[in-house]
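Every chain is named by a letter (A, B, C, D, E and F) in the order it is written, and numbering of its residues begins at 1.
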Amino acid sequence: MSMFFDLLGGLLLVCGAAFLLFGGLGLVRMPDLFNRIQAGTKATTLGTLLTLAGVVCLRPEWGFKLLLIGLFILFTNPISSQVLARAAHRSGTKMSDKTCVDKLEEDFGEKP
Amino acid sequence: MSALILAMVVLLAVVLIGAALVAIKGKSLPIAILSAGLVSLIASVLFLVLAAPDVAMTEAAIGSGLTTFLFFFVLSRVRGGEND
Amino acid sequence: MIKRAAALLLLTIIGGIFFTLLTGYSADENLNLTAQYYAENTAKDIGAANIVTAIIVTYRGLDTLGEVTVLFLAAAIVGLVLARSRGAGAAQTVKAPVGELLTTGSHSLLPLILLLGIYIFVNGHLTPGGGFQGGAVVASAMLLLLLANPVKRFNHRLISIIESFSGFSYVVIGVLGLLLAGGFLDNRILPIGEFGQLFSAGAIPLIYSLIGLKVGAEFSSILSNLSEAEEL
Amino acid sequence: MAEVFIYIAAAIVGVALLLALYRFVKGPSDADRVVAFDVLTIISISAIVLAAFVEGRGIYLDVALVYALLSFLGVIAVARYLERGF
Amino acid sequence: MIAQLAMATGFALILIGFYGALTNRNILRMIVAFSVANTGVHLVLVAVGYMNGRTAPILDSAVSATEAVTRIIDPVPQALVLTAIVIGMGVTALMLAFAYKLYEKKRSLDIGKFTELRW
Amino acid sequence: MKKAQDFALLFATLLLFWLLLNGSVAVDVVLVGIGVALLIPFLFRDSLAVFSELRVTPQALMAALAYAVYFVKELINANIRLARIVLSPSLPVEPGIVKVRTRLKSKMGRLLLANSITLTPGTLTVELDDEWLYVHWVKVESADVEAATTSIVAGFEQYLEVMYG
């Protein structure tokens, strides 16, 4: 049984690390800021959560604290991304050429 | 496991030096300040790897957190002098 | 240009000193005498699991009192230097409004961050952390309040009351140690209790909580002084 | 058994850290660097948890909590500065 | 080996910080460089206390009080660095307050504009 | 009455977090926890409104569970799609900011909705203004308000509506 949890924990750790890697890759490859924020937020959130879950499998006695860290990241990470995206849009960051529609700019116009 | 710790130290050292160079050479002042904060944050991970969790927590909370905010408060008060 | 050359020369000299220091360094195999004393005696004399805390609060408690005083002086001087510059509010430029997401998020996170800060300084003798870190986290909570609501002003009187109350109690506990136990800031005025419990290590949790409140109040006062300075 | 996985995971996390560092150093705009800062700090949380596991000390996790809090505050401070919020 | 590497990084940070403080002309940038050098000093001090294969000086279920002498690293440098970080933050706050005052006086952050104390 | 309920809710949340942080239910830990959890709501009695909107009914509890399951499913789905985009050499993106409408009124519910949107496939909340949400979409499927609303918001809204109203 402990063998099974070892294997599961290790696999979860590697999966989490892989998602972190995709996040980093997305950060490098994506064409403009908003797409980079998307890649950064989603991939790092899931990657960190999976890493925490993997450690929970390997060390069940740390479960409570890891749960707290997970909840905290789950709640704060999107907020900081949204605030950053809003600030970037208001300060007039250029969007990629592939952008097809920008309703926010149509409604609010160019910010000072 | 000692090899893993050594690898972690090497990696963090590379990130530290990179962030420090951005802090000194960076074009815009806010980014220089943010990089100084990043140097502190990565240094705190390095402290943890060097088995000093107390110092790591202090560096993260005070050296990186509060100091960076002090910089931003002052910087927003002296916006005109940013590019001197 | 000549300045840059002089700077580089200076750096080369310092770098040379550092290099000799680095190549001559060899790590110890065993703890030195001081550290060995602390490692052997902390658990049975002081009762604290975190040896760094034991050093800061009891063995070198007087230094910590001095450190807190230095911090208090720094906060007071920042307040004094910026006293004339406090903005009237009329001349301020228009600020970007705060988004609804940030307001809601910070209001719901604030109690949890304060709780984390209190956890850190109450458990200073068991886990990493203590008064300074906990105080910094409490001050970060105040900062979040400031970020989410830029026009809000802190209650300076409340901050200074908390600050002077905790500083006074800190010194009183130190003197009690002189009267009831072995010396100034001795933690054995309260029973040492069972090793590893929350109520153990004598007066350390109490002293570190007071330091935490004091440091948090000082940091908050520095932050609010800088943030209320007039925009130039 | 678990050790092999930890070595692999640590290596991948290291590569991710270097990629984020590349974006931080290169960055064209300020906001790009802030995103890279966010990603770097969150990857560091994983690194802290891995370090705690390797050393076998549960108390290191407290640092990760403080760390998560401060990376959040830092990003918000810069964002508010960029949109001229304070 | 680990301690030497961390120490070398700390020395490198100190040198980078000094270089920045000596070559930049903007006061705020000089303070930023100072804080980088500050971090480097902390790193060197913590590296001095590190010993291979030992763990943090906190006793719990992983390290019992009886085996502490052979398992923990030197706690004294850590206590020192903790103090240094807190005082460093106080010093930075003071420097920033004075930078603000200087800007109020001359409306500039260029160190070359402040000629009163030149010799 | 409303105020007392807010207070009790925040007290329970803080006590739960305190026990999770300490990881024990020893007498001294619980005593200090009760003290702290009473102190903090007292300090913030003016800004408690955020907590008052959660409904405490069995129905809401069921909705919260369903929401959590749906959310985890969407989070994993989002990451797999993101990985596919990042790993494909041609980088098939077609970004844009669309406008969607939400029926939620409570602040906490809207925050959770925005957070969920940010963490799910290809979308990122940029701005929240009254009932309008401005969402950045990696692959815009439809710029029309109604169509975008059904495809982005509707999934989460059905649960959050029960939880917060």
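Structural remarks
In the analysis below, a residue touches a chain if its C-beta (ideal position, glycine included) is under 8 Å from a C-beta of that chain, and two chains touch if they have at least 3 such contacts.
Predicted, not measured: the structure shown is a model, and the values here were computed from it.
Counted as hops between touching chains, the shortest connection from chain C to chain E is 1. The chains that touch both chain C and chain F are A.
Chain centres computed from CA atoms place E at the largest separation from chain F. Set side by side, B-D and A-C show the greater C-beta contact count at B-D. Centroids built from CA atoms put chain F at 39 Å from chain E. As a whole-number value, the distance joining the C-alpha centres of chain B and chain F reads 31 Å. Here the spacing of chain A and chain B, counted between their Cα centres, is 21 Å.
Centroids built from CA atoms put chain F at 15 Å from chain A.
Within chain A, residues 25, 37, 41, 45, 65, 68, 72, 75-76, 79, 81-83, 86, 90 each touch two or more of the remaining chains.
Shared interface positions of chain B, defined as residues touching 2 or more other chains, are 5, 21, 51, 53-54, 56-58, 61-62, 65-66, 69-70, 73-78, 80. For chain E, the set of residues that touch two or more other chains comprises 3, 8, 19, 50, 52, 55-56, 58, 60, 78, 82, 85-86, 89, 93, 96-97, 100, 103, 107. Chain contact topology: the protein chains form a pattern that is neither a line, a ring, a star nor a complete graph. Under the contact rule stated at the top, the pairs of chains that touch are A-C, A-D, A-F, B-C, B-D, B-E, C-D, C-E, C-F, D-E.
If you check the complex, the residues on chain F that touch chain C are 10, 13-14, 17-18, 21-22, 26, 28-29, 32, 36-37, 40-41, 43-44, 47, 49-51, 107-108, 110-111, 114, 125, 127-128. Partner chain D is touched in their complex by these residues of chain B: 1, 4-5, 7-8, 11, 14-15, 18-19, 21-22, 28, 30-31, 34-35, 37-38, 41-42, 44-45, 48-49, 51, 53, 56-57, 60-61, 64-65, 68-69, 72-73, 75-76.
Considering their complex, residues 59-60, 62-63, 65-66, 69-70, 73, 76-77, 80, 83-86 of chain D touch chain C. Interface of chain A with chain C (complex): residues 72, 75-76, 79, 82-83, 86, 90. Residue ranges on chain C touching chain A, taken from their complex, read 96, 99, 101-102, 105, 109, 112.
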